[in-house]
Amino acid sequence: MRVLTAIWEIFTNPAFYKLTLTAATPFIFASLGGVYSEITGVVNIALEGIMLMGAFVSIVFTAITGNPWIGVLFAIFVGLGMAWLHAWASIKWRGNQIVSGTALILLAQGVTGFLMEPIFGRPGQTDIVGKIPELRIPLLMKNRFLAQSIGELSPMIYIAFGCVALAWFIIYKTKLGLRMRAVGENPEAADTLGVNVYMIRYFGVLMSGIMASLGGAFLSVGEVGNFRELMTGGRGFIALAAMILGNWNPVGAMWASLLFGFSEAFANQLQSSPMLHVASSTKPLFNMFPFIVTLIVIAGFIGKTRPPAADGVPYEK
Amino acid sequence: MRKVLVAILLVAAVVFALGFKVIMVTDVGGLGDKSFNDGTWEGALRAAKEIGAEAQVIQSYEQADYIPNLTKAAQQADVVFAVGFMMTDALFKVAKQFPNTYFVGIDITPPEGQTLPNVVCYIFKEEQAGFYAGYIAAAMTSTGKIGFVGGIPIPPVERFRYGFEVGARIYSTLHKKKVEILRGYTNDFEDPKKGKDLTLAQYAQGADIVFLAAGACGNGGIEAAKEKMVALVGSDKLVDIIDYYTKNKKGYFAIGVDVDQDYMAPGVVLCSATKGISSAGYYGVKAAWEGTFEGGLKILGIKEDGAGVSPMKYTKGMIPNIVIAELEYLTKLIKDGKIVIPDTEDKLKAFQVPSITFPF
Amino acid sequence: MEKAVELIQIVKRFPGVLANDHVDLTVFKGEIHSIVGENGAGKTTLMNQLYGLLRPDSGEIRIFGQKVNFKGPRDAIAKGIGMVHQHFMLVNTLTVAENVVLGSETTRGIIFDLKEAQRKVEKLSKSYGLQIDPTAKIENLPVGMQQRVEIIKTLYRGAEILILDEPTAVLTPQETQELFSILRKLKESGKTIIFISHKLNEVMDISDRITVMRQGKVTGVLNKNETNVKEIARLMVGREIVFTVQKPQAKASDVVLRVENLWVKDYRKLDAVKGVSFEVKKGEIYGIAGVAGNGQSELVEALTGLRKPEKGKIFLLGEDVTGKPVKELRERGMTHIPEDRHKYGLILQYPAYYNMILGRHYVPPFARGDFLDQKKIQEFTAQVFSQFDVRPNNIKMLGMNFSGGNQQKLVVAREMSAKPKLIVVSQPTRGLDVGATEFIHKALIELRDTGVAVLLISMELDEIMSLSDRIAVMYNGQIMGEVDPQQTTIEEIGLMMAGHKFEEVRRF
Amino acid sequence: MSSKLWAFVVPIVSVIIALLISSIVIVLIGQNPIVAYTALFRGAFGSKLAIASVVIKSTPLILTGLAVGFGFRAGLFNIGAEGQMVMGAMIGTAFAINVAWMPAVFAIPLTMVVGMIAGAGYAAIAGFLKAKTGAHEVVTTIMLNWIAEYLSSYVVTVPMGVGFGTPKSPEIANSTKLPPLITVQATELTSGIIVAIIAAIVIYIILEKTTKGYELKGTGFNPYAAEYGGIKISQNIVLAMAISGALAGLAGTLEVMGVHHRFLGTLSGGKGFDGISIALIGQNHPIGIIFAALLMGSLRTGSNEMQFAGVPKHIILIVQAIIIFLVAADRIVRTMFIRKKKVKVS
């Protein structure tokens, strides 16, 4: 009974919804990155690495310029650079996309760790450097529930949802998107119609770089205001899972990310609830909740998802 | 002639000192953890400078590196630091091989029954530091709810919590103020975002002060407090925060851990529950140099400068003087052993708040 | 007459092969020009150069008298060339309209205008009599429809010259006729059509002029009215070909396969086979005719254990084997020549000798306990290779490196050499040239005469008619009737394929 | 050049290029790359201790590499070697703690078997879900990794936790500790490497010589054809995942039996993920994987010595990244050779 009361309290707590959103946002960004890339047929497991790089670079330039938005801008540049490397290896040189992605993850870990000392004078982590302030929407502040749930959010959260809409628009409503979907499914067919397969794939991978680096930047300058080595903590891989769970569809990926953020926020709130009498030592197990939920959802409810047919296959004329 | 002798002695001293080498082997966390590794390094470096010794740090990537790194260090150095509880087994294996090298283990408890004359281990009475955090949090909360965010519930983290809970209990008994504690764990020491989310989850449930014993996750927790405070106050300037607090008697605070983290968000970090890690590093080197090295386990508490609270440089203005005075009195009682802060779950359960009358 | 296409002294080499050896080709505007030749004669290579997918090593291409140098299909399309490939170049997950406009999309600002695309497809399909639903997804369309999409694609791009690479290989007789009437309509409207095929009857039916190729060279250019099938065949194969299959009377005896009221669902969970019953006897070829997509594939899958039937019973040699797994069916003596040899028949990444034991890889002599006996496997494969004349005679070559015809031979050889009691044969000669077809037909009859029960599913009516001892016709998941090929006509079967019951047909 | 030769040339050239590029970085931070690389080499091969360390480090990498590589051969991307390794180590330890009464002849192999079964069972969950519902193994194994990680850190703090300060299990029974081959000071080069090499050979035999290997590879290449050939796809998916997981589980158990002698929370340390790059550098070939793992192990071991020469440890991550990147895009390396040849001709 106490558990039910605790759960009821969580669901009626407006802040819970805000926490769901903030937890989901990095996954939304990064899984969109996955969608952009894979819908054109390039597997991108480097999301984790690009995120880490984005988190790092945005903090570096925030520290230098004092303006976190400039940090985000540079994160995008570097994300593009990382993605370009991946595209170059996997499109131009038709390399193994998984291996190339793994290499980029290591590269990001190496470079960010390596540069900590020269830039910040000490390894490991930075101090709180600065972050993007939350955006208060006065209209929403009138209602207590709305105010506490979505009245005051990081502008990057709005950007994330904007990116979902944009990705949906690009992929399903523009001619570029039609070509992206065609190239990911049957590059040969697209090629015979004069569609430049390589260009389209480059576009997809570069977009994924932008998205993943935004996801990383959200973690650092969007949320915690500092950088810590390996601070992405596997979120790129979770985003990959969200992308698959969302069936390679930007809106689906968003829902999957929200589901994940929701269960994470739920686990945090539930384990902290004073209603619940659980031994402290077992409380860390609450953190498994999002992973178990995902497992159940994919096994029980979603099952087969279908990747683009040419996903991961280098295109050779 | 005297001059020459002095010169020779001096050179000899320098040569000898140059020959004296300190190597610190970190655990996989490495330098920059603002905790054990950084603290030990700081202390060791201070001591090395004083005596003119050479100091070097070697980072480990993985557990399989501990033995080779310690071995290599032992081959080259006079004092080897092994930092972090993960290195326990490796330290004792290697130290056996090098009886003429001094080893200092930080946050390491010797395995059952093992003592070596050339190994000294330092651990800390985190519960005593946690006590300060709990007492201050209980005194300062305006909602009657305070939070504890832990990393992985390993013994040092848990000792912080025992102290925190006891501190809060003592305050609430002495002052008849109802204080509830929310507890949660990130199960991680590296991920600041996790720390932030969990801290915010506790704020969402009514806590207004959260003690962060979660390594680097804590940085995120501090940022969470700052974010909430800024939303409340409308500014992150110290003066504004103090103004607001004096007027409204409420705010959102974090409590730092291990080292003085008050500077990370002035006015928002209420205080930090500190451990005397750097003094362990310092004394380790000094003892070896001076020949007073003695093996065994040393548990450092308030008395030995091994546990304490930050000077509260920014928040002193907000914390009532009476609370500071009470703490000073309680510190004395702890030092004298009149109050024993529990260091296990069972002792925590059994803990009875003794009757305390303040002399003022 | 205006020359639409001129290929002059085209040479194209691939490693180890001279694919086109100084080929000349002239196609006049407004004609249907067929290029015939066996597989590997260089027809497709030649057309790929005309379409800009490949570039000739030497030689010249002229379109409407103008010398061109295509860097890619885009250039060819711009010159009014459209190509319908043998393997359809369609994006399965997209709709008809999306496939048609891909690469030159209708747009409104930056938005892709799907409505406009659908309108245009509708318009094109009306004006050339190509009925199609522009909103249908490709993966849900039968092959005949998919081919229409390919044709509409070229028309949408304003193609004046249409290349169709073996377009009838996947079509039923009816669909072929429909295609031909479409082609004639296109010709009337002034389009030039290049038709690639090795089915000589069709070539004679549709073409105005015919170019014959053999081994990369042109062996003859003929006017349809001045030639006959025999002459083309000789030019194509280099020898005379017997067109009628010689077979002794069947000695059918015991029932090997009995199917009772079988119901099967397709992958969309719709009923595809609706209560089918029949029997196949030892020593006979039982043919099932029908237009593609009438449940034959699902029937075969159910019979061979690849798909679970919903209802009904299957008896093999008198024992109920309904829903039994493939492995058990194979052990009971059923083998299967599948419709799609790339998808089912071969593991292309395996060498030939590994492909030769698929399905029997775990039984002696190929396996000793849990281990493969490489020596025995290779010996066996070498023997089968020479018996079935698989080329090249290299048992270590990977499956993917064999030509289409030899891949099919590999599959046929494997399934026939397994000493089956029942062999289920689905589209055994699809995409094969005359020589290979002849070979496989002979082999099937020989197999029958050794007392094997053969179930033949084919959309090639000629094949069914000439091979089968009894014929059933399937339509919409049901058997319309069973006939004796000696007492029926193509027309009768055609009517049944169109959905008339046997009783109705006989009443006509 | 034949493809077999390329399989060696590409990684070697990649290593050279990676070292060259990294030397620029080293110069930029004001260190001497020659000194650094000498240290790297000395650290990896300069002494008995160094070589022992390389072998110790490579042992689990061989096994996780085999785990991932085996999955790839069967058409599965097992990104979950990490979690399977943890489960193998955890359950292997739970067993090994309690069998002090058993003589080593039985205790050692049995512990390995228990660890393998644990890894296999854990991986089979993903295999089962894929076979049953079509759930993508990348998603399920990523989720299972996290669950294993949380579970293991829980297990060492509470149910199995001992001691004061260290989240760790009790020490395993002496009879389950792997006998060391060589002992260099405190470093014990255990017989784990022999087990790993045997595992590689067994996997090679399974893949190339047995009917099961024929079926597994066939399923990986073309599941439709495999099904047509009477091979039970879902069974093979589960089996392939289980074998893959058994290898990862063995990696974990051997770490416990040979190196740590107890279970520790963060035992896997990313070795499961390393398995991905090792499998791919080794071209998914068991013998290639041994070499790839030794390469990785020696780079890492050597890099510790580089720290003594004043070069931060992160440089080796960059070196690794470049090597792996060039192996991925092996055509870059091949093209370089072809161009060089042309120059020679002209």
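Order as written gives the chain letters A, B, C and D; numbering starts at 1 within each chain.
Just so it is clear, a contact is a pair of C-beta atoms (placed from the backbone, for glycine too) under 8 Å apart; a residue touches a chain by one contact, two chains touch by 3 or more.
Predicted, not measured: the structure shown is a model, and the values here were computed from it.
Enquirer: Go through B-D and C-D and name the pair with more C-beta contacts between its chains.
Expert: Greater number of contacting C-beta pairs: B-D.
Enquirer: Measuring centre to centre with CA averages, how many angstrom lie between chain A and chain B?
Expert: Inter-chain centre distance comes to 34 Å.
Enquirer: When the centre of a chain is set as the mean of its C-alpha atoms, what distance in Å lies between chain C and chain D?
Expert: 47
Enquirer: Using mean C-alpha positions as chain centres, tell me how far chain B is from chain C in Å, no decimals.
Expert: Computed value for the inter-centroid distance: 76 Å.
Enquirer: On chain A, where are the residues touching two or more other chains?
Expert: 123, 281, 284, 287
Enquirer: For chain D, which residues are shared contacts with two or more other chains?
Expert: Residues 150, 153, 157-158, 312-313 of chain D touch two or more partner chains.
Enquirer: Can you identify all of the chain pairs that touch?
Expert: Pairwise, the chains that meet the contact rule are A-B, A-C, A-D, B-D, C-D.
Enquirer: Can you list the residues on chain D that touch chain A in the complex?
Expert: 25, 29, 77, 79, 129, 132-136, 138-140, 142-144, 146-147, 150-151, 153-154, 157-158, 273, 276-277, 280-281, 312-325, 327-332
Enquirer: State the interface residues of chain B toward chain D in the complex, per the touch definition above.
Expert: For chain B paired with chain D, touching residues are 28, 30, 56, 58-65, 67-72, 76, 85-86, 88-90, 93-94, 96-98, 107-109, 111-112, 123, 152-156, 187.
Enquirer: In the complex of these two chains, what residues of chain C are touching chain A?
Expert: It is residues 51, 53, 72-74, 77, 83, 85, 88-94, 98-99, 101-105, 107, 110-112, 153 of chain C that touch chain A.
Enquirer: Where on chain A does chain C make contact in their complex?
Expert: Those in contact with chain C are residues 173-175, 177-179, 181-182, 185-186, 188-195, 308-309.
Enquirer: Which part of chain D faces chain C closely enough to touch in the complex?
Expert: Within the complex, chain D touches chain C at residues 209-212, 214-215, 217-218, 221-222, 224-232.
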